[in-house]
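Can you read through this structure? Questions will come right after.
Naming follows writing order (A, B, C and D), and every chain is counted from residue 1.
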Amino acid sequence: MELKENSGWSINEMAQKAAQDIHDGAYVNLGIGIPELVADYIPEGREVIYHTENGLLGMGKVTEKGSEDYELVNAGKKYVTAIPGASYFHHADSFAMIRGGHIDICVLGAYQVSEEGDIANWSTGDPNDVPAVGGAMDLVAGVKTIYVITQHCTKSGEPKIVRQCTYPLTGKKVVNKIYTNYAVIDVTEDGLVVKELAPGITFEFLQQNTGAPLLLKQ
Amino acid sequence: MELKENSGWSINEMAQKAAQDIHDGAYVNLGIGIPELVADYIPEGREVIYHTENGLLGMGKVTEKGSEDYELVNAGKKYVTAIPGASYFHHADSFAMIRGGHIDICVLGAYQVSEEGDIANWSTGDPNDVPAVGGAMDLVAGVKTIYVITQHCTKSGEPKIVRQCTYPLTGKKVVNKIYTNYAVIDVTEDGLVVKELAPGITFEFLQQNTGAPLLLKQ
Amino acid sequence: MINKVVSTVSEAVADIFDGATIHIGGFGEAGSPVELIHALIDLGSRNLTIVSNNAGSGNVGLAALIENRQVKKIICSFPRTAISVVFPELYRRGEIELELVPQGTLAERIRAGGAGIPAFYTPASVNTPLAEGKETRVFNGKTYVLEHALKADFALVKCHAADKYGNLVYNKTARNFGPVMCTAAETTIVQARKIVEVGQIDPECVITPGIFVKRVVEVSKPADESILVAEKRRYPWN
Amino acid sequence: MINKVVSTVSEAVADIFDGATIHIGGFGEAGSPVELIHALIDLGSRNLTIVSNNAGSGNVGLAALIENRQVKKIICSFPRTAISVVFPELYRRGEIELELVPQGTLAERIRAGGAGIPAFYTPASVNTPLAEGKETRVFNGKTYVLEHALKADFALVKCHAADKYGNLVYNKTARNFGPVMCTAAETTIVQARKIVEVGQIDPECVITPGIFVKRVVEVSKPADESILVAEKRRYPWN
């Protein structure tokens, strides 16, 4: 069986899968990129409040073209809005929310995730790259539940889910759940447990494209 | 020469002496009791902003009888007012101002002050007393300049300025200047330097009533 | 849907269990959540550890909670006032524990608890009896003492206005310990003088963002502790 | 009498000396004190250590300060953006030092500097390259890294409104690092979109109390950095 990189779920479907695991009343921080799509798929009837680490609780949608406020941005420096009931605060207070365990869920992208839930998402280790970390290390260390959304493999077909991360770590034993284009995988004490397979993806194919042993949900 | 406990300057005069050493634009925290009187004697033309550690910068006068606001008190739990340009903040922020060295001057009472500027003003050490410390230790550790206003001797005639405090310390090497009913005394690297004597008080008398050696200002 | 408003103070405190550690806001009477404390007296939970700046006045509020023998230990900076009788008596008889903490250290320990900082260094109390037995360390030639975060199972806080998201604003110096205590408890319970619609609190002026608050109850005419004390009132009401 | 208002940005920054450490507010363009930075370029102080979340965009503001070779070292969390060219080039050539700090640790180190806390423990960066060589310690079974306060000689901050006492309010997410940076510098210099009369800022809503501010200058129409970048502007003005 041959599958192209984008086989299985689309990034929107991946975001939708993650959105289903966000409970009513959750305080959520969404990383830059695919994680931002999660907000579009929260099931009807659930109210979720978004935190952006640059000092806003109650972030609304991205601003419509032409009505940007240069002083109202999200962590990705996109122009956004604030919902009624929002609050602004300074950076130390914002990271007190993060570090203090007050944010329920953070959804992040990743270069690699290990079978123990280690995550690498801030540096490729390439000495020619300018290193930049932002709030990633604070988020994985402080938020109660960490979800990762990522393509299952790199563009060159290498597994991103591995026994040990080879890229520099963002945090150790912090990831709880992984949403890829092929599957939804829980990181458990017993190892990586496949909760759901994308249409057309077999367990065997998934295992072949994963750098760590997988278990099937009982 | 025999002098009664209240010989020399009155407490109002002591407060006035201290007030003269508060510069224009100073941020000042006044302890409970005699130190509170200092605010009444700031020389004309100087603007001083009062901090009270329970969360107010820009404290005004004590409230007039009948217009008390139970939610606007000072550190001594007196009902006070706020000046235009005041600000309220929480306790951690308030003590960040203190600990961070942002308050210019704190005026405190004391049981004892040592020749090195140690101060004891929170506990008599009597096991029957309920110990209570409040913000005293934070203030002496954090405020740039510490003034002490106190009667020169205890009611029983014992010196309050001593070589070593016998009461439990509030802080070590923190007092900069002492205003008593007998004299104004600087705490310096060389020892206690008498800057000014109250009318009728001789240096010899002062030394007899002080538990540490005194130097006369050059 | 998010709605943190509950109807009664008794409902608000109903899950406070025996042995709980509780942050109680207030600096003297200013900001003291008297009605929540009275509800806790009605509930009767025992063996409590209370973190609060003071130890109550007269025979109402925190003093009444202590008098009702529900408090095993108090962590505070100033348990003694001109009108406090309950705590001093029990303390002298050795029937209540006291951990005395400098006021700024108390505030910072609570803030650290809420901010995920397990410990920090402070200059306050160095070379005094309150630093005895504590680890010290020199930074840039100055000695500091290591202090640990102070979290609680519950926080009882009084504020001025709240919305159903739990956003809070306070009134003047009644703010004091409220904002840091809200951040440092598993379950933060707030009495508000009024509940307002979402959006009515200016987002620039929110002092406690709703994320820190679990329950809000409206107590529109809270008692003034000093009036109760002056009238020699006693809770349960005499 | 207290009046912290000065007339011009050049007067505001006039005492910034060679070798100074400077906190510069802003999260990207939001809150970046562009006019104060440009005044610092005019002044020409060199060998500066800059503490700021980012390293500037395009060829204006902080990027222009770096391009003008006034900056020896930058302490920040995210020096790379889609439109940053100046810092990456100098960095790759080894002509500017970088101390990379997790964003929350950066904010907390600055806050500690202002609050008289010399050091604290945080879980962020444990087991990562950014904790290498740093002291770690276990509290309640979890490992934390010791981080030190980060103070500066100067802070350059942008706010929305200020009064002559130096009380400040900010605008939306332009608040970001401003309030903590104001507390952690010997000399805090603020550009405000407007100077208002004392008493016009609600004391319940003051974000930076005046005690933390040394000088305020009105810049009523601050440049939008992203517009300057889009227009390929360059400072000194091309």
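Quick note on the criterion: a residue touches a chain if its C-beta (ideal position, glycine included) is under 8 Å from a C-beta of that chain, and two chains touch if they have at least 3 such contacts.
For clarity, every value in this text was computed on a predicted model and none was experimentally measured.
For the pair chain A and chain B, chains touching both partners: C, D. Mean C-alpha positions place chain A and chain C at a centre distance of 37 Å. Between the Cα centres of chain A and chain D there is a gap of 29 Å. Across the assembly, chain D contributes 108, 111, 115-117, 122-123, 170-172, 204, 207 as residues in contact with two or more other chains. Counting partner chains per residue, chain B shows two or more touched chains at residues 82, 88-89, 92, 95-96, 98-99, 141-142.
Pairwise chain contacts present here: A-C, A-D, B-C, B-D, C-D [touch as defined].
Within the complex formed with chain C, the chain B residues making contact are 52-56, 69-74, 77, 82, 88-92, 94-96, 98-99, 123, 128-138, 141-142, 168-172. The touching residues of chain A, counted against chain C in their complex, run 24-25, 27, 45, 47, 49, 51, 57-58, 82, 84-89, 92, 95-103, 141-142. Considering their complex, residues 27-31, 53, 77-81, 87-88, 91-92, 98, 100-108, 110-111, 122-130, 170-180, 207, 224-226 of chain C touch chain B. The part of chain D that touches chain C in the complex is made up of residues 108, 112, 115-123, 137, 139-140, 142, 144, 148, 169-172, 202, 204-205, 207. Note for the complex: chain D touches chain B at residues 1-2, 111, 113-117, 163, 165, 167, 183-184, 198-199, 201, 203-204, 206, 209-212.
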